[in-house]
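Both of the next two complexes hold chain A, though its partner changes from chain B to chain C.
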Partner chain A sequence: MDVSGDLRDAARDRPAGLHGLADRIEERVWAALLVLPALAMVALFFLYPLGFSLVSAFQDRAGAWTLDNFRKSFELYGGDMAFTLMIACLSSLLVAVLSIAIGGYLTLGENARAVALLRWLYRWPLFIPFVVAAQMMRGYLAKNGLLNNGLVGLGVIEPLQAASLLDWRGIVVTFVWKQTPFVALMVAGAMASLDRSTIEAGRNLGAGRLRILVEIVVPQVRQTLTVGLILSFVTMLSVLSVPMMINPNAPTMITVDMAYRINAHGDYGVANALGFVSYLMAGTVAWIYLRHGVRRGAGP
Partner chain B sequence: MGGDSLSARAVVVEYGSVPVLKGVSIDIAPGEFVALLGSSGCGKTTLLRAVSGFVKVRSGSIHIAGRDVTSLPPERRDVAMVFQSYALWPHMTAAENLAYGLRIRKIPRAERDRRVAEVLEMLGLGGLGDRPVTQLSGGQRQRVALGRALAVNPRMLLLDEPLSNLDARIREVVRHEIKALQTRLGITAVHVTHDREEAMVMADRIAIMEAGGIAQLGTPEDIYLRPRSPFVADFMGASNVVPLTVGAAGDGHIRVEPGPDHDAAELPVSAGTGQPGVHLCASGPGTVRAHFRSEAVSLVPFGQDGPGGVLLRGRIAQASYPGGFYRYAVEVGARRFLVDDARRLSVGEAVGVAVPPSALHLYDAQPS
Partner chain C sequence: MSALLWIPRGAVLGLAAFAVFSPLANLVLWAVAEKWYFPHTLPLEYGFAFWERVFAPRSNAMASLGTSVTIALFTVLACLAVSVPAGYALARLRLPWRGLILLAFLLPQAFPSVPVYINVARIFYAAGLNGTIAGVVLVHAVHGLVFSVWITTAAFAAVDRSLEEAARNIGAGPLRAFLTVTLPLAAPGVLASAIFVFLESLDEFTGTYFVGVPDVTTLPLLMFNAAMGGNYQIASITALILLVPSVGFMLVIERFLKADVLAKVGH
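On to the complex of A and B.
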């Protein structure tokens, strides 16, 4: 602060026309100094590795520019890319439906005890790591796992009909189980902060609760729901443990392929190319959101 | 169109273990406009919400048009409510808000559009149908909220302080508009408000609510001229209180015994609403609480006789000018009264406060 005082004193001594300019420069210097540590952290730990992996996706082992990594990626893992996108989209869709259902019941439910129980229960998966969730699902969804045993025990299916769900369905179930609480937390929060009389006005005009949820509550929390789903979509794209433990065989998700290229072949080029594809997927979703957000913000 | 009757019998509502309505009963005739008037926390909004079904009734019953609705959910009660915050849906246009109730009733699209246009026109919102409600002014939003309730041709309209968010000038206009519409359509209306003037101007009958019960139910004149309890008198503006000792004088008169600040007087007793004389609610001779309004009394120069009634001797302690007349705080003994007078008087001047018989409301000093 002393330095700033001195600079200001110095500025005061200058001819009148220069005062404003000196002040502005001084302000900028201070602003730059303040933001520098944060900027350095971002550059060092985010921008540099990101840039490096992007660049090396377009280089061969000798460092020459090439599109070979991408050609190889699409040849070997084109199916996995589609699989990844399908899993992430389907899971997001189910997460949306379930979190709206949970948020809706928490907001519109009339049985106070059931609401309290759901409020207490639904957050649990938030505190369980992906790898533990995947391990649990292996025990639950396997051919002789808890689910099949339970169904056989109840006489719903014959023992011979029991099939393993440890394929794409297992991944989707795990992702949905793990990500729903996160989105539901955001959505339920947004629903709770709505003006309750907008809900009452609907009921007063004769709308049932399901109709209120779909036509009055969800449209008002759409923004929050979208943000939650995008964050969740990006998280699912980046999880390695779940597809690795539940369904490591082809087709699988590209995170597994990336780990395989690096661990088995030391092939950073193809791994980075796959990473680039995954950025593209996340980026597209973010772009759709931003476009939507900007259009809403601008207003008609 | 016509309206429905409403009958509430011994309605009890509790929030947790706190009683909010302590056995309220009220009967409202078809087409009648009733205002529930009271200060915050008296239970007026709770009574309205009990009628609309948003709060559960612990005991008692509510009938609308003879149908027991006590345990029906709000969506099946068929009453239209206008909310204090308007409760418009921000993701819809004005027309979509108005059409919602019609959509739920599965009215065909053409009929729906016609009805929405009609309501927009009726409320002076022509041309604003396509606007998002977030782009409307406070007064326009209030009209959309009212229109949304009216669009479904309700037989009963519940208004929960719908004017409290409007500024004073618009409020006066909308007050008359709502009353005129209600009269024209013949709908039964229950209007919650804490604004005395609003209730007086709009309602056929007013229910003054106090601590979870109805203190008095009557026409505006009735409540204003013959408040049944000190609470109602106070709420309706007769908030100056003086203790008097009275005795019977026979022949429709009472005698006020002389006190430290006034002389003896003999006053006629009013026989009913609109009849001149003292409004006597005290049960017998003895000490009574006398309530009177500032605007019903006048100041006379010290030592002069008043125009009849009770003359209180006092001194001006404070003076202000609210516009059109002066308002004085007059000290009479240990009490202070607010008195309005057209003349300009100075602080410290000795004056007499002349309270005519018709301005006096007498109650038992210790209400039983």
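On to the complex of A and C.
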């Protein structure tokens, strides 16, 4: 970056020294001015409300400092916090396993036609909005939905065994269905850019494909996998439509509780305290990643 | 031997296809079902009566589709207006803390968004922006900035610097060189970023839910209301309408987003 900048200065054929310095300062001022409007948008419409939510979590309706909002949140929604964490962790785990399997087959698969088929197939849910996915699963997983009807029709289960999956299972299924392609896309991309010689070396030593995947390929793409999983974990903590449409009754996710506190009670204190808890969940995951995962200088 | 391998392979691929497409099939069935109730596996009557209701010229669905497209177009304009200058500066000029600035645009996607939107709505309410198109556009635009800034930066970085310098050497000013050389060459990348922002806005639900009430009803909100009201047909048809641009744009996106630009995204 700097080298090419210096070359450009030389190419402009200006005398070095004071003129060059003035030019550089002028360039920085221009650059700052050009970036400023975009940064101002983030500051005004994201950072400011974020700060507002952090402060409001510790204030009562009159604006005095208090921890009451948190006491009330844990009393009323402690179970929902555990429920939310469990859903996000379980979904992330399933997404990790499935995306490693998909990426692994795309990288190590020996049949070109099967690989091409899978590559075409797995991306579809990526393009589908969450709110549409939620509506789809609401019909699909219901007691008399297509899944149960299909299983009864095939004779896999008895009609009386058909049960609605629209509880925690429905949320997990929807999240996994929607997020696996996103993480798999990142993981498959990282696997494709690996140095093939390590894989060939494993093969020559007689390792099976599963062993090559687990012992050679996955460790090398661990960083990309973790970044993908963190982004999808935060997404699960952000999506309101899926828990609201699939499982609106208690126990449910704290996103639904926040909306309820606002819509039914106008209670910004408890809603923001719940928001603070969800920042903590996302922050903890990011912190674990920074603590254990980062090798400096290696970009995802 | 290799033919026998198609049995497990086919079974796994078939299962994957079932997992991906059977929920979609459920949606399509609901969209064309006139009558469907327990315990029937498939709809009892098929028809397009609900489609006529959705596509009637003055229907709520068409009005929300109009609102959605208007908001998405203004969101694209707002994003490009700030991202083209920012992307040029990030790609071409010397800028301190460049990495941090790029990262700042990812922040709105990296935090749980519900509490942020709740407080945006509170601030906008005081400013008279709640329930207005402008308020919803601003919320969508902040969320879309990561696409528009990152992709336009990559697009400008992929333009050959010597072409710009050639224009400068034969006497073009910096603005003219940008408008006649750099911008046209970066146009496919800029267009790709616009598509991402457009789709993100079209599909957005949570921000609109808090900031748009009670006057702005986009198509995702109409779909949500129909679904919660138990009208599965209307909800499924509007869901299908939402799918068309997403799938369509994604199928052509590779034409706009060339590999040389893609390799530079986020750098």
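The rule is simple: the second predicted complex is superposed on the first by the 253 of 300 C-alpha atoms of A that agree within 3 Å, B and C clash if a C-alpha of one lies under 4 Å from a C-alpha of the other, contacts with A are read in each partner's own complex, and residues count from 1 in each chain.
Everything below uses one rule, namely that contacts are C-beta pairs under 8 Å (C-beta built on N, C-alpha and C of every residue); 3 or more make two chains touch, one makes a residue touch a chain.
Only a predicted model underlies this, so the values are computations on that prediction, with no experimental measurement involved.
Touch criterion met: A:Ser197 reaches chain B, while chain C stays clear of it. Contacts of A:Ser56 after superposition on the shared chain: chain C is touched, whereas chain B is not.
Applying the stated contact rule after C-alpha superposition, one finds that A:Phe74 touches neither chain B nor chain C.
One of chain B and chain C touches more residues of chain A, and that partner is C. In the superposition on chain A, contact of A:Leu205 is made with chain B only, not with chain C.
When both complexes are overlaid on chain A, the residue A:Gln220 reaches chain B alone and has no touch with chain C. Of the two partner chains placed by the overlay, only chain C lies in contact with A:Arg28; chain B stays clear of it. According to the touch criterion, chain A has no shared surface contacted by chain B in one complex and chain C in the other.
Listed in rising order, the residues of chain C touching chain A in the complex are 5, 9, 13, 16-17, 19-27, 29-30, 37-42, 81-83, 85-86, 88-90, 93-96, 101, 104-105, 107-120, 122-123, 138-139, 141-142, 145, 149, 161, 165, 203, 205-206, 209-210, 220, 223-224, 227-228, 232, 235-236, 239, 242-243, 246-247, 250, 267. Every residue of chain B that touches chain A in the complex is listed here, in rising order: 52-54, 73-76, 78-81, 83-85, 87-91, 100-101, 104-105, 132, 148, 152. Per the touch definition, chain A reaches chain C in the complex via residues 1-2, 4-5, 8, 11, 24, 27-28, 30-32, 34-35, 37-39, 41-42, 45-50, 52-53, 56, 111, 114, 117-118, 121-122, 124-140, 143-147, 149-150, 152-153, 159, 177, 231, 234, 237-241, 244-245, 255, 258-259, 262, 268, 271-272, 274-276, 278-279, 281-282, 286, 299.
Touching chain B in their complex are the following residues of chain A: 195, 197-198, 200-208, 211, 215-216, 219-220, 222, 300.
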